Structures are given as structure tokens and as C-alpha cells.
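Chain IDs A, B and C follow the sequence of writing; residue 1 opens each chain.
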Amino acid sequence: MVVVDYMSIAFITSIPIILAALGEVLVERSGRVNLGVEGMMAFSASISVAVSTLTGSPLIGLIAGGMAGVILSTVYTLTVIGLKLDQIVVGLIISLAGLGLADLISSAGYRVGYNIPHGSTLHNTLIVITIVLPPILWLILYRTPQGVELRAVGYDEHVARERGLRVDLIRAVTVTIGGLTAGIAGAYMALVLYNGRYFSGITGGWGWLAIGSVILGYWHPIGVAVAAYTIGILLTTKPLLTSELGLPPTLVTITPYIAVIIALTLVTIISRRKPSLIPPKPL
Amino acid sequence: MNPMLASRPSLRPLVGVTIGLIAGFALALILGSISPAGFKGMASSLVWVYTSPAPLIFTLTLLGPIACAAVGLTLAYRARFITIGSEGQILLGSIVTLWLIEYSDLNLHPTIAIPTSIVLGGFAGAFLGFVVGLLRVYVNANEILVSLMLNYVILYILNHLASGPWRVGPFAITRSVGEEYRLGPLAIVVTTVSLTLLCWVLLTRSKFGLAIKVYGRAPRVAETYGLNSKTIVLAVAMLSGFTSGVGGVLMMLGFQHNLSPMSVSPGYGYMGVLVSWLSANNPLVALLASWFFSSILVLGRSLQASGLPIGYVLAIQSIIVLSVMIARRLTSR
Amino acid sequence: MERREFLKLAGVGIAGLLLGFGTGYYTRTPQLVEREVPRRLKTLWIYVGPIADIGWTAAHHEGRGYVETRFGGLVETKFIEKVSEAEARKVIESELTRERYDAVFATSYGFKDAVKELARDFKDVKFYHCSGEFEAFQDLPNVTTYFAEFYQLYYLNGVAAGAVTESCKVGYVPAFLIPEVVRHINAYALGAVHGAKLMGKCGDGERLEIYSTSPLKSWFAPDAAAASARHLVTRYNVDVIAFTEDTTSVLDVAEEYHTKGVKVYSFSHYSNMYEYYKKIGKTLKSHLTGQVANWGPIYEYLLARLMAGVFVKEDIWTRIGDFTPFRWRLPVERSTAGQSEGTVYLAPLNTEVIPAKALAEIKRIYEDMKEMAFEPFTGPIRGYKIDFDGRPQEEPKLKVEPGYRLGRSELWYMDWFYEKIISPA
């Protein structure tokens, strides 16, 4: 019973990581990487609190959070896909600028807003979405022509172009979806996990963990969701590991980060064994 | 990746400037109304930052970690090795320095301790870079994420040391390095400039630099010329780690002096990353751009005392880099 | 060519940005009252955290706002937030060379070295260091130390916790196990036993268990604090959780359990969270009471003296009753427990959940504390020494002799846990 409790707590906690990671899967499957997830999440967390305070509605706050993510992802679309600027730098800039802008908005006094209560319809809807999204994305990516095109763009941009695929358009769409999911993820952190509050540094590196879990889950929607959930388990069972196994707290704290590094090394070993599993080339 | 700028003059930078302007004003609008008195206050702050001794010295002090990280990164980025581990390398450099001077029981004389810590801190950073490079070369692990994750690992180790084994007094803070070990702005500038020149000479005057550039542009071509790609990547990984590690030493001896979970850098390593791209990965320009970035930090602090939120300052830095990159792209077409 | 082009771009791009920069500048400058004043003090606050943290820095920021309104145009207050302890010295130094300040408030322990060095260089500026030990500044005539201490309030929180707990298990989530936090955990644990005994619960407090999780190792770790709080509830069935962490995310977790129908309680920390939510029309169900600091009266006192030309080097360590207009103990029925007063006070008491008997006891002790007639750390107290991760280092033994009351240094450097604390949990 205790195990079930821990697992369900871990799931509720890891929802933002799962959502942000699923959006990033699409981006990376289409051959781009957006390192701005952390900034998009922080920015939308701040926006969602401000909007929920102003309107009194956490639902509108959540939607505004999603839109905030889309707005920042548009910067990426315009500069990386439009102007062909370096995707890594632009991603980092979005991350840094997003964190700054988030604090800027909250400095206008929006710190305590209306939350989405646990067990409310809206919260349950978000849980259901998080559960059904991975299989749906899997169906889209592997069983529809659009999904095949998307993956083709990710595997080889030039071949895809020669075949007449609208590479930039496909990427613009995936990046926007990525912005939306990161935005909802950030809003979820503020409105659900922290009772409708924003504070500086609210995302605490979870955006980066989301990007890590994309690789940990081997760019497969279901795998990524499981990976993100696993990271959520590591984050929530931290105190259990220290109290039951007597591990030093610092060692337990760094475990998720080390896990991502190990996963990154395993990815190559797996893809060497099974050539059919070669990942896309986002980087 | 970063094409050279067009050699003929062009009006296109104006587009970049316009973007910068709009972005700046958009941010100002979020803050409230626009007032002419603001320009006066701004102007006086600007003049102060670039003319008074205290902010000038402060700027040069901050230059240490930012510039050291940036100049090393120019080499890495030229070779398409996109590490952002400079943050962790800076922290490790500072940890190692504090260990050597305050916790190693060696009691070295400053004349020995300072050069030793620069070398030791540099090697500590290089070691982190080596780990990232090794994983990239042999198992093709993505260096961005590996280096980023290592940044977090080092940060938590720092928090552990400061609040645990190295703690002194009633709060989570370590011993401070003695007065005799501390570095003034001159020493920081000399070290930083030497590192910059070293990187510049390596990049422009050596066979190795040529190899980096060829490899960065076309890895396959480089291999057909007999250049060992593994060696190149490992070398730039360690070199960029080394300079960032030295940056950490300069941070510790220049202005940090002790470790606490609250003394952690506001992201000098990440600023180094931005600066490196701002400079189109040219070490000499990177030094200049680092100085510019440091001065913005100092300016930001002073404007903050006048009521400007710090978030604005951080956002500004990012937007500057973005608008310059856009402008550069538009002029190169 | 490349460089020149770049410089041109950078130059003009930045000029544009700075233009925007400047526009924001004036809008945020406080509107000062234009009138002839005898002497206007210029003061600077240095914050280690962001003013948006709802914890430590937010409390100091409110204190700054308090003096600004109290003194009207007589005091000009400026602040710089997110100053890392490493940069503090240079940041303050630059600002002091730019403008003449009368007073600087350095609100983090780690600013100690910076204050020490700067107080020597700027002899005509008064420095006020928050949370530093006075010994460190003994030879500096222009430095005063101040702190608002919570251990009495934690004891009262404990009484509420012991009276309310159904499972006879209460918990604590510490940021660090430094003396300040250890002292607060001990006070909370002693109070909890008192509360349980009062209500005749948990074998008169004998069976009460106090779980302290391993330290988060950061003042700011909302996710880890939340995980620790959930762990206490899930693993040990703890139903009242106190904490030291700057985002109050433990209170969020308690509130979350309440909405799910599980009764878990927590406290306000530094800011009155109950009031924060009340303002937007929400009532926190999980809020028992809590420790709130108002730095305002301390700042008001220091600045009022300075304005009159008086500076006395002193060490201020405020407890319940300090800086209140009437500091005699009041009868229970007129007790001010749960109301805003002085520099440290109890957050509103949850009268629906805390039994009337315990409420009266909390009020009685609160009033006694005003005259120091009740001290939590009065022997006999048994305990065991701990290390930085909260691991026991010895068998429990007598730490405070019967009838002895701990003094300043014993409180300041406390490194042992009360024997009923289970650590690391």
C-alpha cells in the first residue's frame, strides 16, 4: 500500500516533466532540439499565476500558461527555423531570458493565485491527458502518414526536402506544440504542485530533466513518458532512500542527474546493437 | 554555423538594432509608463559605470570567471563541441582552490599556493571536460546534456561541503581564504588576458587551430586529411574545461573567498556561453564581450538600487545576444 | 572587418536596449515627498535572495517597506536583490562610492566578511548585519548586529502540533542542520510533547514521535521539501509538519492532502501565508499557526535613533514581546497570541482544529514568554549529538541540567537533538 502511495505521488509530481518531455520528443523527432524548456516552463508558471490572480480562474491561468510557452517557442521558430540561427544558443537564450522574464512579471506583485485543487475535474483531466498522450503520440508518429513524414524530416532533412516535404513547416508545428506542452507543464507546477504560487526558481531544473528524459526514453513517446516518470520517482523517493538505506542525502540528490548521464551513454550502445533503433539527428 | 560577416558595408544591422529597440521597449512597457526623466537617470548610471574606479574594478573582477569560460569555449565551439559545462567547471575550480588553501593542511606560501591553485583548478576543470569529451568520443553521448547534468552534480557537492564537512560557525559557510592569498583586479586581468592570447594563438597560429576549424566545418573532410577527430574533441573539451577551471580559481581568490550555498555564482559559466556566441567564437572579441557583459552586470546592480528588477537585467543580456545574432545573420546574407 | 562590424552591431543594438532600460528606471523610483526635511537618511538594503521568495528576503523587503511608510520622506530606502554572498562586497562598495549612504542593512549571514571589510573602509557609514554573531564585529564601532529569533514560536507550534496530532507522529523538514535550525527542531519537539501531555494524548506524550528528515542542503528547494513532506506522511503517517525552507512548499503539500481528505497540518514561515491567501478570498485549511517575522520595528528603531544622531553599537536578538508597546504578560482571555505585534509573533491560530484547552495553554505560554517567565530550553533535557546529516553521534544523555536555562552561546551553537527526535527519518 505504501508502495502504491509513493508511485501515485511520483506520478502526480512527474506530470510536468512528462508533458514537457513529450513536447520535446516531437521537436527532436523532427530533427531540432529546443533547449529553452526550462525558461518556457518558468515563464508560463509566472504568467499562469498572474492570470489566475487577475481573472480568479485557474483554468484561464492554465491556458495562459500554455500560450506563454507558445509565445517563447515562437522566438525559436522565427530565429532557428526562419533565420537559421544556431538552435543551441537560441535554446539557451530562451532558457535564460524566460527565467528573467518570469521574475520580472512576479515582481509586479503576482505571487499567490488561485490553484487547481488535487482531485478537481481539471486536475483529473490533466492526469488523464498525461496518461493517454504517450500512446496517442505513438500512434501519430508511427501509424499516420504525417507521423512518418515528421520522422523522415528528423532522420534526413535533405532527403525529406527532395521528397517534397515541407520541412520548415513541420518543424514550426512541432516546436509550437513543444512550447504548448512546456507552458502547460510550467503552469501545472505553479497551479497544482505549489498551490497557485510563483516564486523565483520555481522550475528548479525540471526543464532540463525533461530534455534528459527524452534521451533516456530513446525518443519514443511511451519510453519517454516512462523515463520522465522514473525521474519523478527518483525525485520523490529521495527521503525514503536516505532513511531506509541510510544513503547520504547528497548522493541521493545527484542520482537523477547521474542517471541521465548513464542513459546517454547506454543510448549509443543500444543503437549499435540494433540499427533499426537509430535515433533522429536533432543535435 | 557562424558564417563570417559580409565584408562590404550593409544597412542590414539596422534591422537588428530595430529588433533590439522593440524588445527593449517591450520590456520597459511591462514595467510601466515611459518617462523622459528615466533617460537622465540612465545616462548618469551609464557614465558612472564606465568612468568611476569602483565599478571599473568590479567589472574587471567579474571578468575573471566570465572571460576565462568564454575564451576556452570559443575553441570548443569552433570544433562543434557544444559544452555548457563551464558553470560546473568554474564551481569545481573554486572548490579545489579553497581545498588547497584552507583545507589541505599544506599551508603553502602564497607565492606557491596561488600558481598551484591556478594549475590545480584548471586541471580540475579539464578533468570534467575530459569526462564529457570521453563520453562524447567513445559512446557518442550528447555533450550538452552530460555537461549540464554535471553542473548540477557539482553544485550539490558544493552545497554538501559548505553545509557539512567544511562548515564553520553557526551557518552553512566555509572558512575564507586569507588576505594574503587574494587576487586584485590586475592579477585577474593578467591571467585572463594571458589565457585569451593563448587561445587566440592556438586558434589562429597553430596547426592545431587549423585542425579545429577544419573539423568544425566538415568533420569527414578533416578525417580524410588524417586528422584524428577523437584527439581534437578531447583536446578542446579539456582546454575549455581548463580555462573555465581557472575562471573558478579567479572567482575564489578574486572576490568569492569562501563557499556557501548562497555564494553560488549567478551563472558566470552560462554567461560565458552567451559571450562566446556573441563574439562569433573569436577569443579576442570574446574577451571584449566578456568585459561588456561584466559591465552590464555592474550597471544592472546599480540600476537595481534605483528600483529596476534584476529579472530585467538578466533578460536584457539574453536579448542583446539574440539581437546581435539576428543582425549578424541578416548582414551575412 | 569582422570585429568592427560586430562592435558596430553590438554598439547600436545595445544603445537601443539601454533606451528601453532607462524608461523602466524612473517608473520604479519611489515618489519622494518634496518638502524641506531636517535630515533625510539614505539607506540601502542588500538581499541575498529574490524579493519574490515569500520567505526570508520577502520578509526583509516588507520590513523595508514598513520603514518607508513610517518615515514618509524622511528616509530614502533602496535595495539590491539576488546579491550572491560572493559578490556582496563589490556590490556594496560600488554603491557606497557612488552615493553617500547613512546606513546599510546586510541581510544574510554570508555578508559577514563583506561587512567587516567595508566597515573599516567606510567609517562614516553605519552597517547593520542580520544574523551575524556580535563577536565577529567587536572591533568595529560602526557595526550593529540584529536578528529575529523563532525558537519560542517553534515551541508554541509544537504545542499546537502535539495537541492536534491523531497519529502521535509529528515531523520536521529542515533546510540545513545548522544550530539555528537544530534549535528550532528541538523547541518544536519539546513543545509537541508538552501539547500531547496537556491533552492526555499519546501516553501523556510518552509515545509521541518526532521525525526529522535529512537536510535539504539548500534554503531554496521546493521540490525536495515537498518530497520530504510527502515522505513523512506516507512512510510514517505523520500528520503535522513544521519546516525551514524558503518557499513554504511544505504548507502547499499539507493543503493538498486536505483537499484529498487527509488531515495534515503545517505552518506559516516568515510570512503570514494565511493572510496572503485570505487576501484573494481563499482559506487555508491545513494552516495551524506559524512563525512570522516583522523586521519593520527593528529597522524603525535603528533608523529613528540614527536620525536623532544616535548610534549605539549593540546586538539585537528579538524574541516574543520585544518591540511591542506593552510588554507585560496579559491574562489568557486578552492574550495577543495569533495577532501581529512586535518583531516575532504567531500566525493566526486555527481555532477550529486546535482544542480550546491547548489554545488557552498556547496563549498562557505566549504571554509568559513576553516576560521570559517560560523558557523552552530549561532542564532537564536529554539529547544526543548529531552530525551535519542528522545521524546520531552518541547515546542520549543529559544535555541540560535540571533547572538550568540555556544561555546565548548554548543556543547559538546547539549541535544535539532532543532524545525523542528520530533522525534521519
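Criterion: contacts are C-beta pairs under 8 Å (C-beta built on N, C-alpha and C of every residue); 3 or more make two chains touch, one makes a residue touch a chain.
All values reported here derive from a predicted model rather than from experimental measurement.
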| item | value |
| --- | --- |
| Category of the chain touch graph - line, ring, star, complete, other | complete |
| Maximum inter-chain contact count - chain pair | B-C |
| Averaged-CA centre spacing for the pair chain B and chain A, given as whole angstrom | 27 |
| Distance from chain C to chain A - Cα centre to Cα centre, in angstrom | 34 |
| Multi-partner residues of chain B (each touching 2 or more other chains) | 27, 31, 156, 159-160, 164, 309-310, 312, 316, 319 |
| Overlap residues in chain C, where contacts from two or more other chains coincide | 50, 82, 215, 217, 389 |
| Per-residue multi-chain contacts in chain A, two or more chains | 103, 107, 248, 250, 253 |
| Parts of chain B lying in touch with chain A, wherever the complex brings them together | 1-2, 27, 30-31, 82, 84, 135, 139-142, 144-146, 148-150, 152-153, 156-157, 159-160, 164, 267, 270, 273-274, 277, 309-319, 321-322, 325-326, 329-330 |
| Touching residues on chain A, where the partner in the complex is chain B | 35, 75, 79, 83-86, 88-90, 92-94, 96-97, 99-105, 107-108, 205, 208, 211-212, 215, 248, 250, 253-254, 257-258, 260-261, 264-265, 267-269, 283 |
| Chain C-facing residues of chain B, complex | 4-7, 13-14, 16-18, 20-21, 23-28, 31-35, 37-39, 41-43, 45-46, 48, 52-55, 57-58, 61-62, 156, 159-160, 163-165, 167, 169-173, 176, 251, 255-258, 260-266, 278-280, 282, 284-285, 288-289, 292, 298, 301-310, 312, 316, 319-320, 323-324, 327-328, 331 |
| Parts of chain A lying in touch with chain C, wherever the complex brings them together | 2, 5-6, 9, 13, 53, 56, 103, 106-107, 111-114, 117-120, 193-195, 197-202, 204, 206, 235-240, 242-243, 248-250, 253 |
| Chain C residues within the chain B interface of the complex | 1-3, 5-10, 12-30, 44, 48, 50, 78-87, 89-91, 93-95, 97-98, 108-110, 113, 131, 133, 176-180, 215, 217-219, 387-389, 412-413 |
